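Here subunit A shows up in two complexes: once beside subunit B, once beside subunit C.
Showing the complex of A and B:
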């Protein structure tokens, strides 16, 4: 009985996952590979054949490629600063974490309020006499502005989650390692790159995987700031499912997002692999 | 040449004073042990010398150079940490090489030095392993090898043997002593273990409450404690103390016996447990506990209502409850001033 007990205790959660996650997941897989009850790759051909697929794919990749590294650097910097603090540490952590409490759609709307034609940015520039009349920043003519605004909103919204994970990870590294490195001649920067970063690999793995997955699923922020002017994978999934009423292609999009997520998670796991015996 | 001079070094942590104006000179190639109970300031002093802590006051000189404003790496020191601080993400080889790489030594030199010090510490066969795959003793050896590889003027050791079990500690102690004597460095070694201190040190600095109470050769610290604290801290079992009442000029009444002593206003009588032997006349001791220790027996008794210990030859048969007469070796009797707690010469 004591041997079986842990499994018994985990059983309800496992059943829950099986029923409410794996089953629908299986349905989506089937959906993406069937059309009118026949097994086919037609959905995927339709998806890739549509003119919006390539921009949606590359926009998602570029957003991730820009946002995640910037967030990583910011989160590491913020975590290092927080780590050094003697007082007011938790206060600062709360302030950094405020955007975490806001839904992504709300975050998008906040940045929309800044960038839209009658938004804060235009009012401020106008009141300082920089511009005569409001500018349309988020029009489809200025794709890169929409892209930049999405980057900003994403960075603002989701850097804290990485920081929180990294702060926790840094707290686990004994101070002696940094001191030893200092005694043996490492500068502040060398202590960071040669001791802190390698010892932080497990936390970096968690933070990066979590953040990259979130980045591939970017949706509400893009919707709020660019509507359909800036296509992304998740946005297209939504379009095919609800506007074009084509569940098969929507499921194919979902599979692409899944494939990207799995591939990049594996890359992160591989790159930040910590050999056995080399853990703290 | 690396003489270390500490001038008036003090350290406050907020309102707590960890060190009160410490002065100490450590000669080139000397093995100095900082000995004291936890919280006495010994680790703080070591960390100030290392540069990991800034003194609130005072100066630190190493090899004729004032270093208290310099970062650790500019001081010509290396250090062995209490928990070894062997980097878990690097192999043993890279751990030993760490400081050499930071100093940008050419690769063949790094290789040569790592292999030499690894040989010295008998860990050549472990060079490819990670610290997670090592035992405590092996990590300890890596930490020492890493410090030696720097060929430093000064090695600082913070309780390096405290995490090893008793037998290993004994072995490593002898080995460390040999290796360090060979390397001709000045060594400062922090410990709370008096046996370790006695066996390793050229000189011991006994610390208490942020002061250095006595800094002298081990036998001197043991035989002639400069203060009551030193007598009660060093020696296992520690020194016995008995109150003394004046009995005419230069004579003192101790537990009903008269002893020749100092000509001062007050005095406290002190004797080490091994400097007592059963005799016809002497101190009346009521035996409470008898512990056979092999070569000796340890007697815990009461003399004039005070706890009192004697270490006797094991051929005496003594039973608890018995009253025995113990005579102190006359030239081993020490006297302390009850006011200042200092030894009376």
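Showing the complex of A and C:
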């Protein structure tokens, strides 16, 4: 009995993973490669043939490429600031962590309140006399403004999760390393880049993987701010599944997102690899 | 020739300027997080005519007409109730399966342990909301389509990896000696767990349950794909985005944000502990 106990305890979670993780992902693969019961790459050619595929793909990539580095820098700044504080630390941490609990849809609506035509951005500009009447920002004529608004909303919403992981990671680094570096005359910046950052690699790995994945899944923020006028991969998946009722193509889109996610996770793991002996 | 007020040495000056910059930076970051939320609540607490009017005031009119309009809108109360039901079920499912697994990982050495741990961590490299696509088909076959339970199962899959890793770190933090002492005093394994470990772990387990609740409450994609009649609040808001008037959107957004704010506040102590261990 005692030897079987751990396995019994793991059983429910394992079964659940099997039924709701492995099996469905197998199904997605099969569904993307079949049409009408036959093996074919038809779904993928249909997907890439549609005019929205290329913009959806590149919008998602660009969004990730812009948002993630900005967030990494902001999260590192926030974490360092919090580390230095002596009073009011927990209060500040709570405020910084608030967006963590806010859904992407709510974040989209929050930034809609700012960018819509009668919104706060126009009102503020109006009160300073910059504009006479409200301008329309989120129209399909202004794709780049929608893109910018989505970027801002994403940066606003999802920096918190990186910050929390990085703060937790910084807490694990013994103070002695940094102190030793200080004794040897390292400046604050040197201590940050030569001591803190390398020791932070495991946390940076987690933070970047989680965040990049979330960026590839961007969906509700875009829907709230731009509707379907700014195509992204997840939004197209949703459209094909729902509006166009074509599950094969939706599955093909899912495969693209899946492929990107796995590829980038591997890249991050590789780039920030920590040898076994070098862990704290 | 004594100068009564000598000019401050440049070093001191620089330090003072540095401190000022530091504090200004903190203030800026705090504003960056809080002001957008403030705007959402200004909109939610203003009359519909104010919400669509221009220019806007920067503080709410404290008129509950928007909220009333939202609550009386066709399908909203049902959606709110569905969101609560799904989130509570998610919470129960993920803890019921995750906590035993976390306990097993923290207390036993057994073949396959590392495999299971890597498996759980690996699930994070997959875009889990996409699971909703194949499961939609599976649920139609099993009669789980468009049900609260069906959606809760998918959300439990999203929350399970977190539940396992968080409870693993929690149980690891409770010395095994306490349990052993209870055994020597005649407790069975189960009794020792219930009487010694559980009381110590309970606050942390509650925190991870809250976390599961928030994950489910905020989830948009799977909810929108899997529910048609029994929509959750996020699915309802998403699908009425292009038809609903602005006051409805903002009141809905505020309704989404409110519980999240409270919950994150409730678990703030555990946020960092959770992520610290989830790193490795």
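Keep this in mind: the second predicted complex is superposed on the first by the 276 of 280 C-alpha atoms of A that agree within 3 Å, B and C clash if a C-alpha of one lies under 4 Å from a C-alpha of the other, contacts with A are read in each partner's own complex, and residues count from 1 in each chain.
Throughout what follows, contacts are C-beta pairs under 8 Å (C-beta built on N, C-alpha and C of every residue); 3 or more make two chains touch, one makes a residue touch a chain.
Please read all numbers here as calculations on a predicted model, not as lab measurements.
Undergrad: Between subunit B and subunit C, positioned on subunit A by superposition, is the outcome a clash or a fit?
TA: With subunit A as the common anchor, subunit B and subunit C both fit in the superposed model.
Undergrad: Mind computing the angle subunit B to subunit A to subunit C from the CA centres, in steps of 10 degrees?
TA: Placing subunit A at the corner, the angle measures out to 80 degrees.
Undergrad: Could you tell me if A:256 is touching subunit B, subunit C, both of them or neither one (first, second, both, neither)?
TA: A:256 sits against neither subunit B nor subunit C.
Undergrad: By the touch definition at the top of the document, which applies to A:174: first (subunit B), second (subunit C), both, or neither?
TA: first
Undergrad: Figure out whether A:241 sits in contact with subunit B (first) or subunit C (second), or with both, or with neither.
TA: second
Undergrad: Have a look at where A:185 lands relative to subunit B and subunit C in the superposition and call it first, second, both or neither.
TA: first
Undergrad: With the two structures laid over each other on chain A, which partner does A:232 touch: subunit B (first), subunit C (second), both, or neither?
TA: Neither partner.
Undergrad: Check the residue A:218 against both partner chains and state whether it touches subunit B (first), subunit C (second), both, or neither.
TA: Once the two structures are laid over each other on A, A:218 reaches no partner at all.
Undergrad: Between subunit B and subunit C, pick out the one touching the greater number of residues of subunit A.
TA: Looking at subunit B versus subunit C, the one contacting more residues of subunit A is C.
Undergrad: Once the shared chain is lined up, is A:203 touching subunit B (first), subunit C (second), both, or neither of them?
TA: Only subunit C; A:203 stays clear of subunit B.
Undergrad: Superposed on chain A, how close does subunit B come to subunit C by Cα atoms? Whole Å, please.
TA: The answer is 10 Å, the least C-alpha separation in the overlay.
Undergrad: For subunit A, give the residues common to its interface with subunit B and its interface with subunit C.
TA: Common to the two interfaces on subunit A: residues 279.
Undergrad: Mind listing the subunit B positions that touch subunit A in their complex?
TA: Spelled out, the residues of subunit B in touch with subunit A are 50-52, 71-73, 77-79, 81-83, 85, 87-90, 98-99, 102-103, 129-133, 146, 150.
Undergrad: Under the touch definition given earlier, write down the residues of subunit A that touch subunit C in their complex.
TA: Against subunit C, subunit A makes touches at 3, 5-7, 9-10, 12-14, 16-17, 20-21, 23-25, 27-28, 31, 77-78, 81, 84, 90, 92-106, 109-114, 116-120, 122-123, 126-127, 134, 156, 164-165, 167-169, 171-172, 202-203, 206, 209-210, 213, 216-217, 219-220, 223-224, 227, 234, 237-238, 241-242, 247, 250-251, 254, 257-258, 261-262, 265, 279.
Undergrad: Taking the complex as given, what residues does subunit A use to touch subunit B?
TA: Touch residues, subunit A against subunit B: 174, 176-177, 179-186, 190, 195, 198-199, 201, 274-280.
Undergrad: Spell out the residues on subunit C that touch subunit A in their complex, using ranges where they run on.
TA: Contact set of subunit C toward subunit A: 22, 25-26, 29-30, 32-34, 36-37, 39-40, 42-43, 51-58, 96-98, 100-101, 103-104, 107-108, 110, 112-113, 116, 119-120, 123-127, 129-131, 133-138, 153-154, 156-157, 160, 164, 189, 214, 217-221, 224-225, 234, 237-238, 241-242, 246, 249-250, 252-253, 256-257, 260-261, 263-265, 268, 271-276, 278-280.
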